[in-house]
Amino acid sequence: MLLLLGATVLLVASGFAAVTIQQSPRWCNAVGASGAVAGCLLGLLSALRALLGASDSSLRLAWEVPGGAFFVQMDVLSAFFLFPVLGLSALAAVYGSEYLRHYQQRKWLGPPWFFFNLLVASMVLVVVARNGVLFLIAWEVMALASFFLVTFDDESVEVREAGWTYLVATHVGTAFLLAFFVLAGRASGSLDFDRLSVAPTEASLLFLLAVVGFGTKAGFAPFHVWLPEAHPAAPSHVSAVMSGVMLKTGIYGLVRTLTILASPPAWWGWLLCGIGLVSGIGGVLFALAQRDVKRMLAYSSVENIGIIALGLGIGVLGVATGVPALAVLGFAGGLLHVVNHAVVKGLLFLAAGSVAHATGTRDIERLGGAMKRMPYTGAVFLIAAIAICGLPPLNGFVSEWLIFLGALHGSISPGRSAAIPVLAVIGGLALIGGLAAACFTRAFGVVFLGTARSDHVTRAHEPGLAMRLPMLLLAAGCVLIGSFAPLLVGGLAPVIASATGLQTPQVATHLVSATRPLQYVVWSALGLLVVVALLAGLRRALLADRRAEVGLTWDCGYVQPSARMQYTASSFAQPLMHLFGVLLQTQQRTVTPAGFFPRAASLITKTPDVCAERLYQPAFRGIGRGLSSLRWLQHGRVHLYVLYIAVTLLVLLVWKLG
Amino acid sequence: MSVWVDTALVLLALTSLLLVASSRLTRCIRIVAFQGSILGVLTLLVHHDELVLRTLMLAAAIVALKGAAFPWLLSRVLQDADVRREVEPLVGYISSLLIGTLMLAVSFWLSARLPLPRPAVSSLVVPIALFTTLIGLFVIVTRRTALTQVLAYLVLENGIYVFGVGLVQGTPMLVELGVLLDVFVAVFVMGIAIFHINREFDHIDTEQLTLLKDWAE
Amino acid sequence: MMLLLLLLLPVVAAVGAYFTTHDGARRTVLVMSAAAHATMVTATWAVTPAPLLGGWVRLDALGQLFLSVTSALFLLVAIHSVGYLQRESRGARRDSEEALWFANAPEATFTTCLLLFLAAMTLVTVSHRFGLLWLAIEMTTLASAPLIYFHRHHRSLEATWKYLLVCSVGIALALLGNFFLAVAASNHGGEPIPLVLNDLIERAAELHVPWLKAAFLLLMVGYGTKMGLAPLHTWLPDAHSEAPSVVSALLSGALLNCAFLGVLRIQQVCEAAGQGAFGRDVFVDFGLLSMAVAAVFIVGQPDYKRMLAYSSVEHMGLLSLGVGLGGVAAFGAMLHAVNHSLTKAMLFLIAGNILAAYRTKSTRDVRGVLRVLPMSGVLWVTGFLAITGSPPFGPFLSELTILRGALDQDRSVVAFLYLTFLAVIFVGMATAVLRMAQGTPATEATNAPGGEPVSAIVPSAVLAAIVLVLGLYIPGPLRDALAAAARTLG
Amino acid sequence: MSLAPFVHLLLALVCAPLLFSVINRTKAMIAGRDGQVLLQPYYDLAKLLKKGAVYSGTTTWVFRAGPVVGLAALLVATALVPFGGRAAPVAFAGDLILFASLLGLLRFFTVIAALDTGSSFEGMGASREVTFSALAEPALLLGLAAVARQTGSLSLSTMYAGVDLDTWVVAAPVFALLAGALLVVFLAENARIPVDDPTTHLELTMIHEVMVLDHGGPDLAFILYASALKLWLLGMLLVGLVVPVRTANPWLDGGAATAGMIGVAILTGIIESCMARWRLTRVPQLLVAASVLSALALALMLR
């Protein structure tokens, strides 16, 4: 425990140090990054000890604030969430140390490092805090730190607006959490987690508060609106951390809530599944519609959060209906996907960052053919894309497979209450998978393959080692998690036990029903690789002594194919956009060629977020209008002000005494 | 003696009504001055049984301030400010009178709601005091010039003072004088303010003092 | 004896300052006396001073709390105002909003009034005799009016006039309230109870209830006007926006608290007389209404000083709400009184720096404060986060405590409205403050005279530090004082 | 571990290409021609394997990796599919998901290989491929989930082992609906009429064919063989459902399954000769209809 706190202190301290020495960017970078890495490694060490020792170490100090106590505890759940948080943060810090160097002419590098390290420290504290006030403070510090990172490039209007949206969203979410904690602590008068007592009548209310409060941070639809704004705005290593792990603190909060509110009713599971389906399908569809690669990734985060929610939903259903297999598999899938998405999405954002940074644009319609200029980045992006589509043999497949298996278990379980949502999950998950494949073939194909659509790419170059290394490590992570899945899933037993409230041995027995098939999965994955190798060898052997000419792409006889003739990302996505037009509400502006000598025709499509456009903006406008319609109160006539006083007095006298 | 007290109180009420109905600023000032002196007399009448130095001093101070000093100060300001000598009310005189009578009723009703813990020198004290206070407020609200507002503020003070004199025994000298002093300073500061207003704007019409607001008509 | 010193020191200093001709000397007097006052106040935490005038003047937990805040604020403001007065060039100056020329009031007057203001506020915090309390509060009005009219132009004059008139009317009503209280105290024959707090509380049972209630309402409206509770707050935005920022800081940070103290005193009597519930309801109503009205004017507010003023209205509402809820919330209210004073004062000081650099009060014309005035910019954003109740700053804790108070009593509607108003106001302020702080400044609007002088930064920085500390740790003595203060409110 | 499971593996690997010629012969017969010889696909493969290759200068290693990975994925998938009711060599709970994902992998690589050429035609084909497969995916998995619920097991092998006559008698309507759904999936995934026309020569109308325009030589051979395998496997899923011959005798079951496979091929031929390709905008309706069929089957079961 002390080790972890030491790590936190080290993080904060190095952040301060970075600010104090920001006159020299090199040192500022070095101190900030190395401090972050060192802190993360220390933290990982203590998390590892907690997970292996599996003994909860806690620390409770008196703290002189109302309702507060400095109460931190490291249990398996916290340790489990600490891994992605610290691991990804460390890699992102290394990446950032090179990424930020390109700002050093224009900006101070102290603040970004300060806030980055503060962000990491606060995430650690969020995960281990066991007191409401402490948690809320850490939670909000996390939000603020990330806000200042998002608005790093505050010269541009978009970034400022994104920051505003993010700040407002997270603050409103926190309001729900305030209500949540105060309500939960009301009975015992203490906000320590172990003394939060919940009256069964209030449990559902608390759950809803938690879903909204934590869901806003996690990016559940329809509370996700801040996400596609904020993540593109932030520097890429920050986007990686935000999307990869900061969202997961919301998931952590939800799971922690479930442990606090014991014995959930079935409809909580239904609700989570519903949210999961909406977020998953909606997220991937909107991702498919984006032109900005980082925005696309942000929406894909919404999708994956949806998948996690599906897993949790199935798990809750299992707990509620008393089908342990369902519960165990659901939580296993959900929790494992937390890690997988952290690795994969982190990798994707880093890769996208280095592309954007090398080409100077995030608009995929201007990219293309980047593979030739940036082979490493292209390769890791491909790996990540396969993983995030949940395709074998990588890690993404394992977690989705677990959720599927859980759903199938539910579908063959006799009861009906579990079966119906579970079948919706199967169908939805399949659809999400297919759409995700469409989304990421599009992204990878249009950005890295074909020929350059603009000279942005022709100037591109592979980034330096500090940016490449983290990406390679994360890619390796995708493969390793995929190959050691049975081991990892088996290791999840205590975590799932703490999340579901089942006994660890019981969980373990049910996990076997997942781990044994998983071994087959892994073997077949290995087999796949072997077969690939064999076939590749065969192909090489066949072509060994033959002519392999290089020509033009087949163009149906057209002589001079140009880069502009390639299929664009928008047209690639068009059929699906058309199919789901009702959801997407894509706006289109067309100038069709007309007359004998037509002018330049054009087609502009844009798909803004439906929730933002149809839900929030009208609401905010309405509130603003309503408030401003009351402004006549302050009309500036002093004698009428005196009238206010008189009237107030009379009203009070008559009302209270009359 | 209570007859005289009642007369004084009635006179007070009448002067208030008169103020509401009168149109010329100079007249208003005189009315308020008269009211002030009535107040002084009232002080004597109430404390007639122990006509000690203290009471005399107090009464003298009241007359001196409310009857002489304030009117003098305000008429000084009035001379400096070459405004039209009309009051230009936002509510017409007749309707003002009607509202005034209405307020009389209200104050009697209120005083009925508040039974006195111990009998006062006169049953009229509470209603009249309240009435005068209300009139003060009413005039502040319905008259435009800063000067009238100060006058009205004085009337308000008078009403409150009547209340104090009529009901409250054993108020320490220190407090009473302090109150007087405070009122004096307040009026003085307001006088200065009016002087400045007049210099800045060439008018003392508070209707036009509406630059600071959060609402654009 | 110590109390007497506390009261006399500023007065003497004021007289001295009035007759000093040399600027430097006068400013030294200002700072020195402020420092002396502060040290004496600190001393009162060690030894409780003996009461004067047979208990009319004494220092209880509540008074000590408010006195300490006032004194500390005054010291910092004094330091800040030294630099401010240096910057304020003599003679005719260009007005920032309209193209008119104006002069400042003579500095001697300004300093004198400042010190008299301090004296009056000190008197407010220590007077237990209701009449005396009334005198003191009226004095604060009179002493601060010239301060608001420091810039001699018509807007500040208008503000001053409104301030004077509205507050005087309110105070007059409060006087009536005092008389009502006297009547209530002279119940059924016998010797009337002297209007001294402790006596009233001791013999509260003998008070005549209807008159007590009436007195409470009158005092509530009267002092509420001064405190800035809606709908009696009307003078507040004008005065705060037109007064020099140092004065606005004092008005928001100290003066409003003093008026609040006036209301608390009568509430104490009500509690003792078993009428606490009656009073608390009124407090809750005023509190919610004030927050609502503040929300109306903060959202889309084009003038950042007015925005801060309305935020003061909001927080006065918060205090009144906390007192109205009682219990834990009362403690929260006391804590919040401290937090709000410090934070708001800091914000006004920073607003002064911004105004000096950009020469406009319009949130739309100010851009890139973080670039033009880095320190002020950081403090500006910090202050915004603090005042809107974001952790890890003090107001967060107090607002959380008030929420707990609301939910402990199942006042879920109140809690809901409370959170809603807070959220709306947060959005409103965030929009304005971020727009000002971020981005790149418009080229012409950036004449920071000599960058950021130390005296313009240090006080605000100190305040920010205190607020941050209060968000992470509440010292024992302070907590005890707060608890004691809350206890007197039942 | 007996050798029996590997019989089917062998059979599939050897006979898959035969299905093409069966379909062709059927169509030819109906059209009154006598079509190609049965071994024609093997000749084609052999010829292609002997050829050299021409690569577009635009392409990268992704283009070359496409066919290899695709074929590998299908070879692994072959090991998962039961032969009628007979267990597959590799069988475990949830292998149906692996099967579906392997098809997904094949698709993924085909698509990016197509995009690697930078040709607008191949991009067009890729776009259509991902669209239709995204819609076919739920139909397939829901259908299999329905079988799973009916037979109460989670592995393709045990599932299909459970589909015997008795179950048919109980759940005839369910299985009928499922058969419909799986047939649609079979046609769509294998780019047959009415979704796609393998024999067209107009790039604009192609889906699968257009994606492999630039492949030649061994690569093309891999692709052709892979698609043959795909035809066989999806067909086998259909056959396992509609030919509920589950006796103790492996040869009898195997024979029935093989016959059923040929039957499916003939059926395909018939469909292709009496239907025209649908407008691309109508295809989604067909696929959604398939999903609806599966969902309906499930609803019947939950009743």
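Each chain gets a letter, A, B, C and D, in the order it is written, and its residues are counted from 1.
Definition applied: a contact is a pair of C-beta atoms (placed from the backbone, for glycine too) under 8 Å apart; a residue touches a chain by one contact, two chains touch by 3 or more.
Everything numeric in this text was worked out from a predicted model, so none of it was measured.
S.K.: Tell me, please, which two chains come out on top when C-beta pairs in contact are counted per chain pair.
M.R.: That would be the chain pair A-D.
S.K.: Of the chains shown, whose Cα mean is nearest the mean of all protein Cα atoms?
M.R.: A
S.K.: By CA centroid distance, what chain is farthest from chain A?
M.R.: Chain B.
S.K.: Taking the mean of the CA coordinates per chain, how far is chain B from chain C in Å?
M.R.: Those two chain centres are 31 Å apart.
S.K.: How many Å are there between the centre of chain C and the centre of chain D, using C-alpha atoms for each centre?
M.R.: 78
S.K.: Averaging only over C-alpha atoms, locate the centres of chain B and chain D and give their separation in whole Å.
M.R.: 100
S.K.: Per the centroid of Cα atoms for each chain, what is the distance between chain A and chain C, given in Å?
M.R.: Computed value for the inter-centroid distance: 44 Å.
S.K.: Using the touch rule from the top of the page, what residues of chain D touch 2 or more other chains?
M.R.: none
S.K.: For chain A, give me the residues that contact two or more of the other chains.
M.R.: Within chain A, residues 631, 633-634, 638, 642, 645, 653, 657 contact more than one other chain.
S.K.: Give me the residues of chain B that touch two or more other chains.
M.R.: 113-114, 137, 140, 149, 206, 209, 211-212, 214
S.K.: Could you list each pair of chains that touch, in label order?
M.R.: A-B, A-C, A-D, B-C
S.K.: Over in the complex, which chain A residues touch chain D? Could you list them?
M.R.: Per the touch definition, chain A meets chain D at residues 368-369, 371-372, 378, 382, 386, 389-392, 397, 401, 404-405, 407-409, 411-412, 416, 419-420, 423, 426-431, 433-435, 437-438, 441-442, 444-446, 449-451, 513, 516-517, 520-521, 524, 527-528, 531-532, 535-536, 538-539, 542-543, 546-556, 561, 563, 565-567, 571-576, 579.
S.K.: Show me the residue ranges of chain A that touch chain C in the complex, using the header's touch definition.
M.R.: Residues 63-68, 133, 136-137, 139-141, 144, 151, 154-155, 157, 160, 163-164, 167-168, 171-172, 175, 178-179, 182-183, 185-186, 620, 623-624, 627-628, 630-631, 633-634, 638, 641-642, 644-645, 648-649, 652-653, 656-657.
S.K.: In their shared complex, at which residues does chain B touch chain C?
M.R.: That would be residues 113-118, 133, 137, 140, 146, 149, 153, 156-157, 160, 163-164, 167-172, 175, 178-179, 182, 185-186, 189-190, 193, 196-197, 200-201, 206, 209, 211-212, 214 of chain B.
S.K.: Could you list, by residue number, the parts of chain C that touch chain A in their complex?
M.R.: Spelled out, the residues of chain C in touch with chain A are 161-162, 165-166, 169-170, 173, 210, 213-214, 217-218, 220-221, 225, 231-232, 234-235, 237, 278, 282, 293, 295-297, 299-300, 328, 331-332, 335, 370, 385, 388, 390-392, 396-397, 400-401, 403-404, 407-408, 415, 419, 422-424, 426-427, 430-431, 434-435, 438-440, 471-476, 479.
S.K.: Considering only the defined contacts, which chain A positions touch chain B in the complex?
M.R.: 631-640, 642-643, 645-646, 653, 657-658
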